[in-house]
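Presented sequentially are two complexes of chain A, the first with chain B as partner and the second with chain C.
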Partner chain A sequence: MLIRKRSTIAVLMVLALSLMICSSAFAADKVIKIGALFPLTGPAAVSGQNCVNSVLAAADVINKANPDINAPLAAKEGLLNGYKIEIVKADHQGKPDVAKSEAERLYNQEKVFAVIGSYNSSATKPASAVAERAKKIFMCGCSSSAALTERDYKYFFRHAPTDAIESKEFVEYIEYLNKEKKAGIKTLGLIYENTEFGKHAAEEAHKAAKHSGLKVVADVPFNNGATNLNSEVQTLKAANPDAVFGAALGGDYSLWVRTMKQVNWLPKIAINYCTGYQNPAVQKELAGDGDYFMGGMGYSPELAKTFMPEAIKIEKKYYTPRSNQPFDSDSIQEGVMLFVLAQAIEKAGSLDTEKVAQILRTEEFPSVMSLSGKVKFEPGGQNVHALSVITQIKDLDYKTVFPLKYQKAEPVFPMTPWDKR
Partner chain B sequence: MFKNKADKLWYGFIAVAFILPFVPGVIGGSFFGHVATMILLYAAMAQSWNIISGYCGQTSFGHSVFFGIGAYGAALAVVNFNSLPWYGAPLGMLAAAAVSVVISYPCFKLKGHYFAIATFAIVEIFNRLFMIWDTIGGALGLDYPILPDGWKNFSWSDTKNGYYLGALAIFILVFSVVRWIERHRMGYYLRAVREGQETAESLGVNSAVVKLSAMALSASLAALCGAFFAQYNYRVDPPMVMSLDMSMKFVLITILGGIGTFWGPFLGALVLIPLQEYTRAYLSHLGAGVDLMIFGLIIIIVMIKQPLGIMGLIRYFTKRKVAKGEGDA
Partner chain C sequence: MSNFVQVLIDGILSGLLYALVSAGLSMMWGVMDVINFAHGEFLMVAMYLCYWIGEILGIDPLFSWIAGGIFLFIIGALTYKLIIKNSLGKAAMAPLLATFGLSMLLKNFCMNRFTPNFRLLSGTIMEGKTFEFAGAIVSVPQLVTAIFSLAVLLSVYWLIKKTRVGWAIQATAMDKEAAELMGIDTENIYLLVFGIGGACVGVAGGLMTTYLAVHPEVGGLFSLIAFVVVALGGFGSIPGALFAALLIGLVESFAGFYIAAVVKYVAVFAIYLVVILIRPKGLFGW
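== the complex of A and B ==
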């Protein structure tokens, strides 16, 4: 009896071992592993999950035959004559040290070809430093700190417009409002999370404001994950700037808007960087309190109808079933980076990192999920075609108000006061 | 050669730990290498806290401040002064010791829980101060440039062997200091103050000097660990190193392992760090923080079943074995 039991265990172990060997062999043969490193827990978890879902949606478009989608690599199954993309998810919890160790694990243990990530600029920095040291590719979708592409890295590529680009655009918009609409905006207030992202955004806002003669009358940093922003908003209210630029992610954005309502104050216009403003889930949670705020965006369902019809198909087929909401301006850019990487691999014809990186550095890629329709990286890794428009939200609908080429609605300004909503 | 069983265990452990990176495939660039390095680092951090809080009985929740000062010492030397971390680390240790004395002198006048509460506040003060101090990077922190690999820059790209040996050296230093304290007059003074400050003073112990010396020593060793942490992560910013979250790691590891014991901090790190790293690495893809839930659950179970930590558990089983042996006889 005992001998029979032992033999059964031995047979099962041998079977399990052979299965493992076979599956790893298959994996080695026909799979390209790509790491997706995002904050899956912590304060930015919702946005991180959306980013992962976007990457998974892009992988589905590449891996399956999608003749209905007019995008590179969509029509046939896989790439490089039969290779499939496998996404390996990893969580950095919004912490730079965890991002660094997870990037190392992805490259060294999981043997991923490249990593896509990492939402928080402060996490993207050390994670991409791991890639650069190991001469591995790091694709960054939406981290917006300008410092990321000022490091002269050779293996780092970023899709999103930087805070510098957005700050310039915000100021241009104010100049347009002053000139064409007699808005009389002369003073500016800044409220931002005291992190890599927020601090950089504020620095760029100062530079852009100085250039156009706007006077910064309030500079208010706050600690991200705050439970109370009362004193920060009171500081803004006391300075009473005509316009406010905000850089608050996820829950912090909701808290900021709600505190403005609590203290019954609004500037003439409030424009947001890549923040909670762009997240439809956050806007839904605000239940109308977020109306009339504005923000820079690279995607909205309304914009997509005219400029990115294929993105809507991808969204409906592969993204919304996972996320229960449309793409947002941040998450879509992570999917774009997988498309760009896959095109570079296909063009290289092999999984030679140097060859693929060289193609990424030199070639221009069509991109159905980018507002500009194309992606090209300059030295340092910044996408030269990075584009964002300014939208204003009303009833969960993001309407494009600037630049005029993309305008879908006249801006509502000054913002409708709280007691008249 | 070895005076007793404790010596054998200590030197045996060092020998085995030292050999590991020379065994092919064990440390290298592996994830296990990262986990092993973190176990040694966090054990040394917890042991540095154990000096003031375990042996001397002054519960500090402010050790991330000293850890952070050490981290900034090394990072400033490399990033701002284009120098070597080898100069920054000792300066950070000295600065941490000095800061610890300055802030502890008034705080030690507080007794019991009030001292612990004061140390909580100190973390927040230093966190905010470093967040707005632009000369040292402020909220942006300090990012290391890419430097050539090797001991000179204490930086390696494709292997963890150097980091592992560095962490082992720090581990040996901190644990050796505690071994020395345990056997030295200082150790008796510390334990006397912990058991009853007034009684100790009536026997001629200068409790103020004893507590300040222990705090300075504890802070400087925590700072050394911080310098390593900055080198290991190529970056330092205030939330990374000077936070209540980081302070709690000092406390949690020691309490789980066994506060006021020599091996407690190591055992705490040996359980907590792999649990934290492996659950995150292999369960985080499930989303919704499953790894954190499992991590928290295990800590709760251990603390309910054995509040004296793993050392308490070991002692319990050792006593039972001895009692059983005597019963059998």
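== the complex of A and C ==
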């Protein structure tokens, strides 16, 4: 009796194992593995998880038949006659060294075709260097350090506007306010995290300010994840600049805003790079304290209504159920990069990295989730159609204030003081 | 001048907070010679507890710190009973590695249950309250935390110096076997020390919820600073921890404002290195 029982268990185990082997072998034939390398833990984890959710949403649009969505590859199931995209998640914790080793693991052990990532510019830099050495494709959605596309890499492609583009736009906006609204903005303060991203943003801000005659009176880097930002905000307050450009991610952003409230100081205008400003979850936690700040954005639900109706469909169907919030301008760009990569694979008609990379370098791609509606990469990998607008937040609503073509509301300027809110 | 006063006040308030966070660690380290690597995560657990009490029950951190203190007393005592006790007397690094494991467990448990989202309580009684003093702005939540910190430190100091239990703690710290020969139940003393250590950091975490966002990584830098404070002040010395914490708060604040914000932690760790090189047992060490 016991022997029969044991033999039955053994037969069942063999069957189960064979099924697993068969199914994985079957799956391996028709799957394109793509790595999603983001900070899933650490100070920028919330944003990193949103980025992964955006990539997963894009994969769902490609893998499933979505005739209701008017986007390339949406109507039919999969690509290359039946291939499905499989996303392999990896966590770099916001640390450059971990990003490098995880990129190596993704390419060498997981055998991914390409990697999408990595939010923090400081992590994107070493991870994409791994890709370049291995001659593998690296798709970067929102890392904004201009240095990333100044390396003349052949396999690196970036969607986001760089800090250089955003800095110029911020300064143009200040010039517009000075000219049209008699704003009298003459001095500038910079507060930024002491990382690849923050330092490059500050460098570009210096260049743009010099070009337009703005005087930088405070340059305040800080260590991210700090216990307090008292000295940093005191330094800003003592210099009392008319405008402040900020580059503080996640929790550091809320700490910065709350510390400014604590010392009862605000500049006339505060504009943020790709930071905690763009994250609705961070703004929700800040309640009204985040109001009247501004920032560069490539997406807002309000902008999407007019310029990206298909993005709203994708958001409702596949993104919001995962993230419980709308796309933000960082996360959406990671999904865009999967769409662009999938289109390039489809055009190449094979999984030959060289062919796909060549198409990425030369072709222009329609993109329903980009504000400009299209994507094209110049040598070095920068998207020449990268576009961002300046928004101002009030009651968790991002209103576009500049460029005038996209303007939906007049800015509240200068920012309403803390004691009058 | 107002800048100087502002920087001075910021430094003192930060220092007093660091003192409260460090007091518990100092006791554990001083009495038991055990490095609790999970100290920062204890702080994080207390912050989450008081955050959820505020969010779900609507109880302000001004009151829920009591729950933070009690809960962390229990967590501290349980940590001793279930982890430290079993690792003492084994390999020299066993308690350290065990508490490191505990820190990973707590951090990942919170990451899994509460996501890495930053959570900030809004609409608390003290939120955004400030007043002017000598041309400087004083934040009421930070001032209240500092006052509580002083009160808790004085209570712990009084407990150790003026009560029979405190004398038993001191005796256990000096010579465990001799203390046992004198009839002191050292097991209970260890349990109590871990409990009090947990309670101190629990009170700190509870009060911090008023002005600092809670997330699974929040304890990291605080625990690092706590280790520096304890080593600088002298293991097991509460006045030492207070003095060292104030020193670190002031160095951080003045270096951050008068040199450059980015060097504030560099200055803190440089002072620590210098003191440890000159006086390895710390400023007030035995």
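One rule holds in what follows: the second predicted complex is superposed on the first by the 403 of 421 C-alpha atoms of A that agree within 3 Å, B and C clash if a C-alpha of one lies under 4 Å from a C-alpha of the other, contacts with A are read in each partner's own complex, and residues count from 1 in each chain.
Basically, a contact is a pair of C-beta atoms (placed from the backbone, for glycine too) under 8 Å apart; a residue touches a chain by one contact, two chains touch by 3 or more.
This structure is a prediction, so every number in the text was calculated from the model and none was measured.
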Clash or fit, chain B versus chain C on superposed chain A: clash
Partner chain in contact with A:N194 - chain B first, chain C second, else both or neither: both
Touching partner for A:P221 - first (chain B), second (chain C), both, neither: both
Chain B versus chain C as contact partner of A:T41, first or second or both or neither: both
Partner chain(s) touched by A:Q109 [first = chain B, second = chain C, both, neither]: first
First, second, both or neither for A:Q49, with chain B first and chain C second: both
Which of chain B and chain C A:D328 touches, first, second, both or neither: neither
Partner chain(s) touched by A:S231 [first = chain B, second = chain C, both, neither]: second
Contacts of A:E169 with chain B and chain C, given as first, second, both or neither: neither
Offending stretch of chain B which, after superposing on A, collides with chain C (from 6-14, 60-68, 114-122 or 222-230): 114-122
Chain B/chain C common contact set on chain A: 40-41, 45, 49, 194, 221, 223
Chain A-facing residues of chain C, complex: 3, 6-7, 10, 14, 111, 115-120, 122-123, 128, 130, 137, 139, 142, 211-213, 215-218, 220-222, 225, 252-253, 255-257, 260-262, 264-265
Contact footprint of chain C on chain A as seen in their complex: 40-43, 45-46, 49, 194, 220-223, 225-228, 230-232, 234-235, 238, 250-251, 254-255, 258, 261-264, 281-282, 285-287, 289, 418
Chain A residues touching chain B - in the complex, by the definition given at the top: 40-41, 45, 49, 88-91, 93, 95-98, 100-102, 104-105, 108-109, 122, 125-126, 129, 132-134, 147, 194-196, 198-200, 221, 223
Chain A-touching residues of chain B, taken from the complex the two chains share: 29-31, 34, 131-132, 138-141, 143-144, 146, 157-158, 229, 233-235, 237, 239-240, 277, 280-281, 284-285, 287-289, 291-292
